[in-house]
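Chain naming follows the written order as A, B and C, and within any one chain the residues start at number 1.
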């Protein structure tokens, strides 16, 4: 079954282009820097450019401008970038390894696992809300392990993993709902966590996840070639000397680490993991060596953009960032699909 | 030289092929034929180390594959599957993947790798399509691209599962000629072929399988004379002289003895 | 390869930025000189106020009200102050977000010297971490029963210095409550069922719930205390078996939707209209301001309201 989607390489632009790829990456890096700057400059409190500069120079540590920039906007900017990077690359890896362009972190149970553990903590150990991120992370990885373990019993083929992931996610979701029904006074409701958001982020929450995310992305850049080989098919990859089950597990583990880390501080910001890989493929094609950095950068930019909107549109009220992402991402996704159809005519 | 000793292999615990002992010599083309479901692909996959045998052993130049490092095996055997993903990449990129067993970490191809890839494409006759996307190629050209990848892998033994099925006749013949050229380079070639005529014509040795066992394994001429093809396939077979390099062809018609 | 170099550079830049962000300088030293007031908040944190706070922010509508009752002034509040408590505040008071999602930027921009929070709301726990970093004094309060309110009022009036208001809005209310309880008919002992309804259904409540405590103080017997299973599952059988004298309901969230859910839920049950409480007009919806939100200074009023229903002869 040929499940690779149609050619996204824009024929006009791509000259098989190493130069093109470099240009795209450079452009994205620039966009990311600009977006980060905007994220620090914009917010619900109005800061004049003079106040901004003063805040960045750190001269007056007690000025509210400094405090806002240092303790509210900076952590939030970093968190948005990391969440966007982590989830996008996680989605890319899953789509590549499972050869399923509708795969996202939720497919391997990461989202539901994080949700369950967070709810369990809030329901049975109230007053320990500061450990919620750690719980989310542990839950995400536990669920992913469970999914892989079950799939492994039937040979860990791509289909087995997707099926196992769906089954485990549904099951875990049911348990979560049961807990919430039995204990309706739980401080964290399912919907809050489901939508996800970066409000009130503290730098402390982001330290360890950021290390994990950056290291994982770095590892995946180096492993881009191996992802390409795996994409040729299990048999071809094996005959080229690749230990297919080992590498599949390795990639799934990295994807789970990325998504689990992001979910631990950002909640279940959906959609990034699903659409950014498609957008990236539209830009630079299917070579995973290029796709990993492009996804990371594109994910960071998109996430920042949505987060800026989420906190400035109706200040001081915050629109959950997940909703903004769906609003922007949904139509964009449709456009991508339509372009694919048109592309087919010329194939 | 690839050798199979008393191989029993199959899927999910069930054996499909039983107690097969066979050797593939250098510089020969072995054609595996048989009815659907007789275990041709299973045999091929086991020999190419893609399927672990339930009993028996596979040896490469006298050394068992068990315990041989994966990269070493990949440098000795290459395999062309029957059903393939059609990845979204240029021919050049696909062929370069053939050098994977030789790349260190990080995976950066050296000048030598690039040269081998180029030679592989030349040999397969696909150098002109180097920068084209595989999806844009015809079936025959695509097949050549895959074979070029196998050539870039530079192995002594090449296993092909139905390399000519679904191709246009000219491409079928081109692929078979290419396989012959590889034999001249000293490679060991083993192919599962559906079309009996091509198999008998191009192989040095024919391995006819029936229900998971070898019915007969000999030169095409000997296999023809043994009458096994006619028995197993319920057809009548005739040798027809033809004025070309090979001198003869095989023609089949429905067996009238049972009707 | 060129693009790997760009990447490496970007990664190193990001990694290097991290430790810089970890620097903890906030420029605040714990003063060894005179301190205005210290107390321990409900999370056992020592709260140190160096001087009487002038700019106070409350992240909960209830605490905003308590602070005002203590004679304090507010610089910032969360929007439930308007949407739920319907309090009227001067324009100078800024809205700093919602009770669940307080906006840190607005709060910091006000440069508050004291912030009131609740430990049960995740957003508040996170806010505390940021406030800690920014060196803003803050305290956690938890109010479930009247004593908790009284204690909070005590601390707040210590800060504002208005012990007269502690007398008026605290001790006098306590007297009022005691008066109501003593007038209640001890012999009667009516049985009650108390439910909290929301758009998704209704749940029986007991023990730690504020209204249940009032009911208990007034000498009633809560059938959910006798049958704890009612707390999990509102079983019609048990309710019929007990046939409580009074059934009280309070709504949370959208009141209309909650009432609707009741009508479509438990009230549809044919046995419902056969209950004596329903037949005799003793199935009563209680006002939110007195029985769902903390009534604070009106706590005495809540007791009176209930007593007037339970023992009408003794109360006019």
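Observations on the model:
By definition in this document, a residue touches a chain if its C-beta (ideal position, glycine included) is under 8 Å from a C-beta of that chain, and two chains touch if they have at least 3 such contacts.
Please read these numbers as outputs of a predicted model, since none were measured by experiment.
Of all the chains shown, the one with its CA centroid nearest the global CA centroid is A. Compared with subunit A, the chain whose C-alpha mean position is the greatest distance off is B. Centroids built from CA atoms put subunit C at 36 Å from subunit A.
Spacing of subunit B relative to subunit C, judged by their CA centroids, is 76 angstrom.
If you average the CA atoms of subunit A and of subunit B, the two centres end up 43 Å from each other. Shown for subunit C are the residues in touch with two or more other chains, namely 1. Contact residues of subunit A toward subunit C in the complex are 18, 21-22, 25-26, 29, 43-45, 61-62, 64, 67-68, 70-75, 78, 122, 126-127, 129-130, 132, 182, 184, 187-188, 192, 197, 199-204, 207, 210-211, 214, 217-218, 221, 290, 293, 311, 315-318. Interface of subunit C with subunit A (complex): residues 1-4, 6-7, 10-11, 14-15, 17-18, 21-22, 25-27, 79, 95-98, 100-106, 108-111, 119-123, 125-127, 129-130, 133-135, 203, 232.
Across the complex, subunit A is touched by residues 45, 48-50, 70-71, 73-75, 77-79, 81, 84-90, 93-94, 97-98, 100-101, 103, 105-107, 131, 133, 135-136, 153 of subunit B. Of all residues in subunit A, those touching subunit B in their complex are 2, 4, 7-9, 16, 99, 222, 225-226, 228-229, 231-233, 235-236, 238-243, 285-287, 347.
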